[in-house]
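Below is one structure. I have some questions about it.
The first chain written gets the first letter, and so on, giving A, B, C, D and E; residue counts start at 1 in each chain.
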Amino acid sequence: MFYREAGQFKTSYQADNQIFPIRQDRIALGALLVVALALAPVLASPYTLSAILIPFLIFSLAALGLNILTGYAGQLSLGTAAFMAVGAFGAYNFVQRIPGMPILLAFVLGGLSAALVGVAFGLPSLRIRGFYLAAATLATQFFVLWCLTKIPYLTNYSSSGVITAQKITILGYEFDSPASKYLLVLAVVAVMALLAKNMIRSNVGRSWMAVRDMDVAAEVIGFRLMRTKLLAFAVSSFYCGVAGALYAFAYLGTVEPEAYNLDLSFRILFMIIIGGVGSVLGSFLGAAFIVLLPVFLNVLAHGLALPTSVASNLELMVFGALIVFFLIVEPHGLARLWQIGKEKLRLWPFPH
Amino acid sequence: MTMNTAAAAATVSSQPYLSVNNIEVIYDHVILVLKGVSLQVPQGKIVALLGANGAGKSTTLKTISTLLRGERGDVTKGEVQFKGERVDQLTPNELVKRGLSQVMEGRHCFGHLTIEDNLLTGAYTRTLSRPQLKEALDKVYHYFPRLKERRASQAGYTSGGEQQMCAIGRALMAKPSMILLDEPSMGIAPQIVEEIFGIVKDLNQKENVSFLLAEQNTSVALRYADFGYILENGRVVMEGAATDLASNEDVKEFYLGVSGAGRKSFRDMKFYRRRKRWLA
Amino acid sequence: DQFIALPSYRVGPYAAGGSGFYGGVIDYFNLVNMNGGVNGVKISWEECETEYNPSRGVECYERLKTKNGGATMVEPLSTGIAYGILDRLPQDKIPMTMLGYGRSDAANGKVFPYVFPLITSYWNQAAGMIKYLGDKSGGMDKLKGKKIVHLYHDSAFGKEPLPVLEALSKQYGFDLIKIAVPPPGSEQQSQWLQIRQANPDYVILWGWGVMNSVAIKTAQRNGFPREKMLGVWWAGSEEDTVPAGDAAKGYSAMTFNTPGNYPVMEEIHKKLYDAGKGNLADRNRVGSVYHMRGVTAAILWVEAMRTAQEKFGKGKPVTGEQLRWGLEHLNVDEAREKAIGAYGMLPVVKTSCEDHEGSGAVKVQQWDGKKWNAITPNWVVGDKALTRKLLEESSNAYAAEKKITPACAK
Amino acid sequence: MQMNEIEAHLGAHAGRRTGPVILDLKNISLSFGGVRALTDISFNVKEHEIRAIIGPNGAGKSSMLNVINGVYRPQQGEIIYRGEHRKNMDCYAAAKSGIARTFQNIALFKGMTVLDNIMTGRNLKMKSNFLLQALYWGPARREEIEHRIKAEEIIDFLEIQAIRKTPVGRLPYGLQKRVELGRALAAEPEILLLDEPMAGMNVEEKQDMCRFILDVNDQFGTTIVLIEHDMGVVMDISDRVVVLDYGKKIGDGTPDEVRTNQDVINAYLGVEH
Amino acid sequence: MNFFFEVLIGGLLSGVMYALVAIGFVLIYKASGVFNFAQGAMVFFAALTCVGMVDKFGLSVWLAIPITIVVMIVLGLAIERVVLRPLVNQPEITLFMATIGLAFFIEGLAQLIWGSQVHKLELPIEDVPLQFLLDKFNIIVSQFDVAAAGICALLVTALALLFARTKVGRALRAVADDHQAALAVGIPLQRIWAVLWSVAGMVALVAGLLWGARNGVQFALTFVALKALPVLILGGFTSMPGAIVGGLIIGASEKLAEVYIGPMVGGGIEGWFPYVLALAFLLVRPEGLFGEKIIRRI
C-alpha cells in the first residue's frame, strides 16, 4: 500500500527521464546515501569498513565496468582483472614517475591507460562474437599479466614485480584510516555510477544495448558497430581500470601482478551474472552477494563447529548451490528479483 | 472475395478430445495473461482460436503443450485434458508421443540444421525404418515442393515463408492425431495459405486429425474450421460454430473486415474509427 | 588466552599444502595446551577460509584481528595475502610471520617491524642452493663453467631469487639459464626440451603447486635425471612428489624443517592422534613436510610467546605488540630445541631487530620414492653477506618509497 | 474488387501524386553459394509512391530490400539513389541518407523498452558526444528531451502509449511489428522499406496498420516500399507493384496491370483477385 | 633439425592431450548450446573418485574405473534433474553461469569426499620415451602420449559419428539451436541431457585418467580446461574433428613459439600465445576452423 506511484504525475519528459521516477525510490536512495556517507563511517567498525564495504564498493565498480561491456554492449569478457591491473600499475607509475601528480588524476590516467588497452583488445570484437570472444579476451588476461611480470619498468624495477601503492593524499589530507579511505572510495564509486547511469539512459547506452540485442539491425538503423563496440570497451575498461587502481591503493596496498589473476576476472563476471546482466543496481547487488556470501557462510560454518576442512568444502558447495538456486529462481539476476518484488509490492495487497 | 458458406455447420456432439478448463496463466509471477480460458476440441474437428494481438492465443496453445515452463509462465489455475487424461503435468515429449504436436508461432526452425534434418527431427518420437522415413519425408515434400528444392540448405538461411513451411512439415512428421497450429498462415503467400488449409482439411478428413489453430487470417480460418472461439484480453468472449461466427455482425466487422456495405477497401480505413461493441 | 589468527586455506588448488601446514600448527597448539599452555596461558586460534585469494584473506584478517580481545599474531601462508595485510600490521600492532615466502627484504626489522620471514628467505635459499651445488660439485670453484638452469614459475615468486642467482653466477662463473614456466605450469614439454638441448649440470626448480610434479614427470619423459634437479622448499613436499609417482625417485629439494622422527612428533601421534584429537583427517599425513612445517612454525611462535612473557610477565597472555618483541628476541638454541623435542628439526633461530629471519640455514632432502630424507647432515648456509647487502638495498629503497625512517621498534 | 473505388480515392487525395524516380535498381543479381536469390532485376521507385513487392515465398523479396539498404551486396547491378550511382549500398550510408526499414522476422532490440527502441531510431539525429551524455548536462540533456518529444509523437501516432515502458520482448507479435514501424519512423526517413508489416495481424489490425502507412505517406511524403502477402492490402494501397518469382521479375505495373498479368496469376495469385 | 622435430612432435602430442579435454566441451556445447564451465571440475572429480577408490579402499584400477563410470552417470543424471531441467530455454549466459555454480559444487564435493591430498595414478602405460625412436633418430616421443593420442582419436571418431549419423545426434544439434522448438517436436530434452551429461562425465573420466597419470591427481586438474579453451576457439566450439585439429595446431605452435620465440622475449609466452594464435585465426574465421557458421540474418 505504501509503494505506489499513483498520484505521482509527471508533467514533463524531463521529470519522466529521471533515474528514479518513483518518489519512494528517490527517498530510499537519499536515505541510503545519507547512511552511507554520514552514518557508516562513524558507526561501522573498522572491520566492516575496510574488509567489507571498501572491497564491496571497489568490486561494484569493476562489476559496473564489466556490466557496461557485457551487460549493456553484449560483449562477453573474461579479461576484467587485466584491465584492473593496467589501471593499478598505470596509476602507480604515474604517481611514481611524475612528481606532484595528484592522486585522483593518477587514477583517471590509470583508467585511461586501461581504456587504451581495452580498445586494442576490443578490436577483434568487430568480427568475433559470444563465447568465442570470451575465450579470446583471455588473451588479454594472460598477456597483460605476462607483460607486468616481464617488463621491470612497469614495476619500477622491483626485484619481484611487487609494487607498493603510494599513500593517498589529496590536498594535503592523507587518507589512511579505514573511514577516510571508505569515503574516498564511496565518492569515486558514487560519481562513476551516476555517470554510468547517465550514459545508459542516453544515446550511448541505447547504442550499446542495440548492438547487444541485434547488431545487424543496429547497423541498419545507423549505429556504427565499430565505434559503438570500441567505445563500450573503452568505457568499460576505464571503469575497471579505476577499480583496479582503488583495489591497489585503497584496499590491498602492496600488490603483485598475480593479485589480478583470472580468478578475479571470474569473480567479477559472477557478480554481474548473479546481480543482473545489464543492470547498474545488479552490479552492486552482485558484488554484495559475492563478497558477503562467503563471509557469511564462513561465519556460519564456524558457528556449527564443523572440522575446518569439512566446513571449507561445504562452504564452497553451498556457494555453488546458491548460485544455481538463484539462477533458477530468477535467471536475470538479483536486480530482476528486486524489480519483481517491487512490482508485487505495487500491486499489494491485491494479488494481481 | 466472398465468404465460403459451404463450410459445414459444425455440431459439437462428440466427446471433447482436448479440453481446456478454466486456465489462468501468469508470466514472470506478475503479468496475468489468461484469466480463465475454457475451450474444447472434439475429435476429428478443426477449431479456430481467434483474437487480436496479445489476446493470449499463443499462450493458450503453449499452456496446452506445456511449453510455457520454459518461458517463465505459470499455470495458476485450471487443467487441460487430452483424450480424457490430465496432461498439464506431462512433458512435451510425452504429449507428442500421445499424438499432440505443436507448430510454434514465429517458425522456430533449427537454424543450423538443413531443411531435411529439420523435418527428420520431427519424426524423433517415431521409430521408423529408412523406407518409412523416406515415405514420410516425401509426403511433406509433396505438400511443400518448395522445401524439396531447398532441402539441403540450412534452415537459418531460407526465407521466412520457407521456414514456416518447414515448421509445419516438421510437425506433420510426428504423425500426430491432434495438432496445435499457431498462425500457420503468417508470412505465407496466399495460394500457399489455401494449400496449407487444404492440407489441414485433408488430414482432418482422411486421417481424422483434430486441429486447434490460432489464426489471424479469420476469413480463411473460419472457412475451414468447424468451430471457433474468440479471445480478447485473456478471456473467451465469443464462441460458436464457424458458420455462425462468420455470419455474426461483429465478427464480420472486426475480424473479416466486411461491414454491411460489403468489403471495405484498406484505403478507407484512415477515415474510420471503430470500437468493439462488447468491449465498450 | 593467547589468540592467534589463522587465515587458512583448505579448498582450492593449494588446499593440500594449506591443510597440512595449518594442521601441523593446530596440532602443536593443541599439544601445548594439553601440556598446560605457555606458562599456563592457553593458546586459542580461529581459522578462516581464504581460498588463497588476497581479498578474502584481507577480510579474514580484518575479521579475526579484533576477535577474542584481539589477535596477537597472524600467518596467512600466502604471498598475495601477506602483501594485502602488510600495510595494516603496524597500525593494528599485530606481527605477521612469513615462513619461507614473501619478500626477502622484509627481514630488515628496521623497515618492516611487524613482519617476520622466520628462519630463512628466498634469497638465502637461493644462496644456499648454489652453496650446496658447489659442495656437491666438489667445491665452489668447480662451479665455473657449469650450466645451471633456473626453471621458474613465471611470476613474482619465480623471479624473486634472480638478483642472488645472477650475482652468484657472476661470482662463481657458472652459466645461469633462465627458463620460465607460465602458470599454473601443467604443461612443460617445451621447457624440458629446451633443457634437454641445453644439457645443464643442474636444474633449479623454482616451482609451486602443480608445476612441481609436472616438472618431475616431464623430466622423466625427456630422460633428464632427477638427481640433477633441485627444488625449492615449496617444491619439496609429498604433495609435489607423490603425484609424480616413481618419476620423483632421486629428486631433491630444499627445506628448512628436516624430515625425520622427533620426540615432539611422537607426542603428537600419541597424545593427539591416538586419542582421535588430531587435526588431519588422514593420519598418514602426520609428519609430512607441510605438517612438520606447520609444527615448526608453531614451535617458533610458542617460543616467541615464552620470550615475551619472560619480559612482560609470566602467566598472562601478551599483546600483539609484546609478541612482536618476543618474535624479535627469539633465541631458539640447541638446548631449547632439545627441550621441546625438536632438536635438528629446525635450525637454530636467533632474531634481532636487524635480522627478522634469525637463521638463513637450509637443508637438502631427497625423495626415495616413499619419503623424504635429509641428505645434508648439517645446515647449509649460503653467502649471507651477499644476501644481506641486497636486503639492505632493497628494504631501504622500499623505505624511501614509502617515506619510512628505518629504526628499531622498542 | 472495384477498380473505380481506388481511382476515386486517388482522385480524392490530390496530394499523393508521385514524383520523379528517387531510387533506381538496375540489373541486380545476387546469389548465395549456389542459390540465386535475385537474377537481373530492374525496377524503380518514385518519390512519394507506395511501391509493393510481391511474389511467392522465397522469391527474393526480402533479399531485394536487403540489397536496397546495404545488408546484402549484389554481385551485379547498380543502385541509383537520388542520382548517385553505386555498386552497392552500405548500411550506415543508407541510414544516413534516409532509408529506414522494418524486418520480416522482427528485429527489435529485445532487452529495451518500447520507448528506447523508438529512441534508437533517432540516433543519427543526435549530436552530443558521450562525455556530455555521461554528465547528462546542458546540450545533451536538452537534446535528449527534444528527441523524447519526437519519440512521444510517434508513440501517440501509433497509439501505443500504454506500452511505452514495456520491454518489447514481452509484447505480442502484432504490437512488436507496430513498434518496429515506430522505430523506422523515428528516423524521419525519405524511403521506408517495410517487410511484411502486416503478417500475423487480423483484419482490424491490418486496417490500423494501413492507416499508419497511408498517413505517413500522405503527411510526411515518405516513399514506401512494401512487401506484403495480403493481396487485399497490396491492391488497395499501393501505386505500383513489382512481382518476383524465383528471383526473377515477372511483372511490374499498377495493381490492375499486375492483377491481370497471366504470368503473375500463374506464379503467384492463383486466381484473379 | 632433429630438435625441431622433437619439439614439433612433442607439441603435437601435447595438443592431443588438450584436445582430450576440449572434446568434453564440444560435446556439451554442440548438443545443448551450453558452455560448460564445470568440465574441468568434472575431470577432477572423475579422476579423484577413481584414484580415491584405489587409494582409500584398495580397489584395483580395473574395478575402480567401472565404478567411477557409474558415479559419473549418477552425477550426470543429478545435474540434469537439479540444474538443467529448471533452466530450459534460458539464455546461454545463464546456463553458463549455472555451470560455474556447478563447478564450485563439484570441486567442494570432490574434496569433501576424498580429502584434499594429492594422489598418483599409475596406468599400465609408462610415461617414458619410445626406445626405438630414441635409438634410431634420437627423438624423444613418450609412449604414453602415443597411447593417449590413440584413445583420443577413437573417442573423437565415435562421438563425431554419433553426431553425424544418428537420430540422437541430429536431435542434439537441434537442441543446441532452439530448446523450445526441440521440446515442441517431442525431443525428450531431459532424457537426452541426462545421457549427454553422463557421456560427458565419461569423457571427463578418460581425460582425468590420462591427465591424472601425467600430472598426478590433484586440484590443478581443473586448470587443464584453460589449455583446452584456445583449442576450442581455434577448432570451433561445435566440431569434434575441430577439437583434434585445433589441439594439434595449438600444441605444435605453442611449443615451437616457446622454444624459438620465447627466449627472445623472456620466455613464458605459452600462457598467452595459444590465445593470441587462436584469436588470429578467428579474425579470419570467426567461428573457428570447423565451427558451424553463426547465422546472422534479418
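Here is the rule we use: a residue touches a chain if its C-beta (ideal position, glycine included) is under 8 Å from a C-beta of that chain, and two chains touch if they have at least 3 such contacts.
Please read all numbers here as calculations on a predicted model, not as lab measurements.
Any chain touching subunit B that also touches subunit C appears here: A, E. Traced through touching neighbours, the fewest hops from subunit A to subunit E number 1.
Taking A-C and B-E together, the pair of chains sharing more C-beta contacts is A-C. Taking each chain's centre as the mean of its CA atoms, B is the chain most distant from subunit A.
Between the CA-based centres of subunit B and subunit D the separation comes to 28 Å, rounded to the whole angstrom.
Centroid to centroid, with C-alpha atoms defining each point, subunit C and subunit D lie 73 Å apart. Between subunit C and subunit E, the centres computed from C-alpha atoms are 36 Å apart. Annotation: 42 Å between the Cα-based centres of subunit A and subunit D. The set of subunit D residues touching two or more other chains comprises 71, 103-105, 107.
Contact with two or more other chains is made by residues 142, 146, 149, 214, 216-217, 220, 309, 313, 315-316, 331 of subunit A. The set of subunit E residues that touch two or more partner chains comprises 90, 107-108, 111, 115-116, 226, 266, 268-269, 271-272, 297-298.
Taken together, the chains touch in the following pairs: A-B, A-C, A-D, A-E, B-D, B-E, C-E, D-E. Taken together, the subunit E residues at the contact with subunit A in this complex read 29, 35, 82-83, 86-87, 90-94, 96-98, 100-109, 111-112, 115-116, 226, 229-230, 232-233, 237, 265-266, 268-269, 271-272, 275-276, 278-279, 282-283, 286-288, 291, 294, 296-298. Contacts from subunit C toward subunit E in the complex involve residues 10-16, 18-19, 154, 178-184, 186-187, 189-191, 193-194, 196-197, 209-210, 213-214, 217, 220-223, 238-239, 242-245, 247, 281-282, 285.
Residues 66, 71, 103-105, 107 of subunit D are the ones touching subunit E in the complex. Residues 297-298 of subunit E are the ones touching subunit D in the complex. On subunit D, the positions that touch subunit A within their shared complex are 69-71, 91-92, 94-96, 100-101, 103, 107-112, 116, 119-121, 123-124, 126, 128, 130, 133-136, 140, 144-145, 148-149, 152, 183, 187.
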